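To keep things simple, chains are lettered A, B, C and D as they appear, and every chain counts its residues starting from 1.
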């Protein structure tokens, strides 16, 4: 009979569960709190090994791989040809993202060395897809064996099961922070295009860790440099607050706990006119890009949530003519975006990251077999994600801006510009010809 | 000679500007602060009359029209066939959105009566595109004549010019709140599908106006009803705070000023499994949808920015088995979404709206001719946008959820579900069969 | 009980059919061959009134409307700003498409006068969506009343019912040729951009009607002009064969029958480099665009099906350097496209159109109630669609090329070109500066 | 000065060409007809190593890799979870596609052994992306060294240079037939879903080689089997004509020449209702998919170009009720598609393939340095592509149908069907429950 056959094949019937072997039989159910030894062979049978997706319309990035497969990376489709590019361009940001870089990140060891597998010849992009690969070198799958039986609180284990109806992976699979390697590599290419084309610079830094909040007036967005940000392991450009943040992380780290924080990101020298008026407003694209990063809980730009406490007469950004004859705003509560379109001022935004879900303390939860259980995660984890989230945020912002730049170029630069109202997209390139590319 | 011809056509040359007529000649420049009479014939020549775009992959909405054309509306592509639908289904939400509904909204008078122009026959959707039209009835274009010469602070006037290189419209065109009529109409269809299919309910309300902040514990998201929200003109379900909020709006209204605020939105009975693991996480889609609304400055869900102040051991949502044998979480700091996928708990989010940019006070600005000027807006405006933003937020959330529902249905429901891990998407439909459709 | 309620609402149950009224009851079934009088009020209840969709990624066209609603048209999203545009630019092609233009087209009378409703100001495109509307003036719905009960052979009546499960429209709705008005209007804009930008010209003509086949050597694609094509009512540039074709159409027209034919289309001065290497090859996009037109059965380009009879040594196009130092091919069996990318030679293609399905002869069929019946269509129809298909084909080819031009511009022109291998996209513009735009 | 710096970087200036090294200097220009030895190190420097892209909206395939890199493959995004899948499912079709399978294909030796790298666990798809890899084992790059200097006639060498402005790859890169491995692997998954879900079968065969044309009446599409097609090396189900076709290929093979041909493809048991009414008609999608395959020149379905010679009264497909109470057509000139939507009859189509461009004969051409030259290709090649194109065509048709199936499922099956007009998509599944999956 057809239906029973099909049922068996799709696990929908009692017989279907039998196919999964003895795991679901009563004698195999984990006792609450029981710490099982690593059963490598079995856990392999249960793995879900992937999940990949695509960002962008013009400059299109597909990431692939997961924390426990052979490696991770990305394919970049639509990159302009003839851009000078090498692994070194990407490695800088990959090194800022990699685990084990300091005592306040996960001790997991990975070199995260990238290789350009296609799309670059003779040091120049060819216009065809760029494939970047990073092998996984530290694969201690047994660290996660217990988790394969218990839903880790505030992780994706349970929702993957709810969605796909298949027993899920140890280690988080595609929801792992390791997936972001592909994003950071692609973001480095996007950053290079933006800098090359228009002198655009994207810089993120940590502005809050737990209750340590960096006062806004301590950072000058006009003069902020990468060196200032990279001068300490927490990536806060103010040394005094950096110390406080590091101390806050150390405090929870020794207790096996974790804390949240905020990353601030700015984009300087963004060409005017990027974004579009209705559903695809520039701030909407940035919000989506930011909240596609793991562990994010919120996004604000310009005056943000604080702006809701103002009156319009205070909040509005007054226009004026600057000394170069450019239309500028005196304040920047608009955050560089008005009506969904960039206005040439600095774009600024803040992204909230929750405390890392993986902690070393005992937690109550339920197993995949729907029994109450306890869990002590033994996987290595970041006590606070924000120091490593800094290059991820920069990457996502760069991917949004380069996609919008290409959109603007295709539509509005096809014919000669109208200099009475527009300025060349690449106007300020000359100002920084001296910047090494 | 070719180049000069082409140059003239595209306004890129001195001659090009001449084609625009006398507007740019010195004698036509507006004196600072000069209040010009309505020059209807001329302002028409300067109008940009549109900007439309599309949201969604499966349930796809294109809005059209602007504040000063013949009307606005939307085309809904991909709506399931055989859904009972009439204008009344949409009019409810359009009435919640329309101007002039109370003293704390703009006095602009519009009935916003919608008409289904295609896609419904005999009271049922046909599966082909649904076109909804709402005529503009109150078109006082002269209210905006002065603005056509001056960049209104924190509006889209300047950025439209920067982007397109064409003199822009009075009234804001596609960036007008009037464009959201199409979204609200489409959102009403999406809400009906969600309720019909899975008993999903989407409710938004005002949780902050200026410095009046509704304490979270005063609203029970499990039992919140539309009637509670609609019981007062500011759409705050707590009567006491509603009064305070109304007073706060009245206080700035009489001064010609404006205030910002926050809209909270929940989605109840959302099927598990909606969303996807990487770039298109459910929270990322919601953030984009929310920040595509005019005047928004921030988005957070679950614990949001406040969650950054917690430790992981406090923040994590503990799993347990409820009395119906369903896997639940004891707390909901995840906001109903884990790893980008809905987990069946209530989805909650907060969206920040800035104070309305249009105010009746004199403001310094520059004209499109790059001269300093003053501006006193005489257009009618909302002293606070959040009461009318409530149905807009609900609509955008509904558009996201129905699109994700269809995505989940196409991918993961094609074959029989695995009841050991999944539950039917429409599980709870029966619970509310009594709800009139 | 929930399920029965939902069942009734979605027509899935016996009761559901009852909701449709008396139509399905036995006494209402049409007798075979019975010619029912126009029952306007009832047929209205049965109408499906729409179906709309979108073509293009960069230059994006959505058509709306159907043969029996208030009108038809399109929304063009992504059009470059500052392009001179007026209704006259579109009306030329709409007049070539409209019914009633000669004795060999349907006698249905429509002026098909278009109106630009938004997106153009002061004679220039604004960059925001262009909405073009054409009202329906000749709506004799009663002509189709009988068809609402019988599936017209080789029409879309049956498949719409199969797909959507709702009783379908008289007149064909969105599958009507009337839907193509929006395509022709948008195509006229695309043609103007292509001509303006790169001197590209797109010309289609009738090369076969029934058994009258125009020998290829009688048309010189290098010198072919629009005037030659428009010199007769069948749109064949050779007067002698035009006469034969007209006679062939007249022969079936008087018998109430119809014939098929072939439209040949060329694109001259297409910039090199359009298209992409894998799934989105230029020929693949052209094939899709062509076969999205009603009544098409086949597409070939370059040597086409005839090329399958050749050997490689004969078929290959030999490269040579021309007198201007450009790399050219001596023959053009590649049809201007190699490896999915335009090579600068003339792009040529042939599209097969079946004989019109609507004929005035009695045909056997089945009714929507699944009874055998006979049908005599009394709607007016084209005895041969190809003369009116000519501007439709040109429009679809233009939509493909402008979308690909913008794609190429966004990706490969962002940085200065490499003149050793590339040439400017707009290179030949100067050659035809004298062409009135 | 900025511009000169940027110019150097992007090869746009005289200096830029110097960066490419001595290749462009006069003494390095190849003499006409000169046969250079393989200069491996240099040719490597000149390689363009990729080009990848994506097909599908719901079931989305991205292919990667090229003929001379480490390998090829695909990522399948959106595959339904819980489908039984193993490498063996794909290997069958990969073996039908691989080179060296018989004397009438290229002698290049590749085993084309595939490996599922992610997306399948415990023999079932997980719902997350499936990555399939096939290593390249036969890489004789030196076969192509000469070609890197001369544009091979009717290949993509020249157009890649025109498009990207970078010196291109030996071996064709992404335009190589090797890229189709990823398509065939993904197509095998699509075929399995279609068969599993609805009993749909897709079968292609060779119906013409050079002047050997298989008469249509010699193949019965109702009873055609895979075994009949695979019974000979040319994949023509009629043994007599298969012999003639093989002889025709042998005849050109020994002369170093090539011939073209036609592949016919049918899809049986396609659910009714697939496709959509306007731009995305089912036939339009099939045409695009078919013409995205290398070497294709034309596509027709149903009556095709031959149908243009008929009258409507002969061409129309008469509806009738069959013995099972289903609405059927007596003839099938519509090719199973009416109004862009499948009607349940067999979908049939014919695809024209040109004679292979690579031949072993001497050909005149120009070099990349724009000098006249001669070329004798020494790469191994297929004397006729159609025997190996058979599984490629099946794969592309399967990708179209599964994407449309998921689209139809998401839109029109969300609510209970209307059995008066619709039938379940999976209706005929039971008929073949006995088919091993």
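Here are a few things to note about the model shown:
In the analysis below, a residue touches a chain if its C-beta (ideal position, glycine included) is under 8 Å from a C-beta of that chain, and two chains touch if they have at least 3 such contacts.
The chain lineup, named per UniProt: A, B, C, D = Chorismate synthase.
Everything numeric in this text was worked out from a predicted model, so none of it was measured.
Chains that touch both chain A and chain B are the following: C, D. Counted by C-beta pairs in contact, the busier of A-C and A-D is A-D.
Taking each chain's centre as the mean of its C-alpha atoms, chain A lies 36 Å from chain D. Per-chain Cα centroids separate chain C from chain D by 26 Å. The geometric centre of chain A is 44 Å away from that of chain C, both derived from CA atoms.
Touching two or more other chains at once are residues 6, 10-11, 51-54, 81-83, 127-128, 163-167, 173-174, 196, 277, 412, 415, 418 of chain C. By the touch rule above, chain D contacts chain B in their complex via residues 57-58, 78-83, 127-128, 193, 196-197, 277, 405-407, 409-415, 418. Interface residues of chain C, counted against chain B in their complex, comprise 1-3, 5-6, 9-11, 20, 45-54, 62, 64-66, 69-70, 75, 77, 81-84, 117-122, 124-131, 163-169, 173-174, 196, 429-433, 437.
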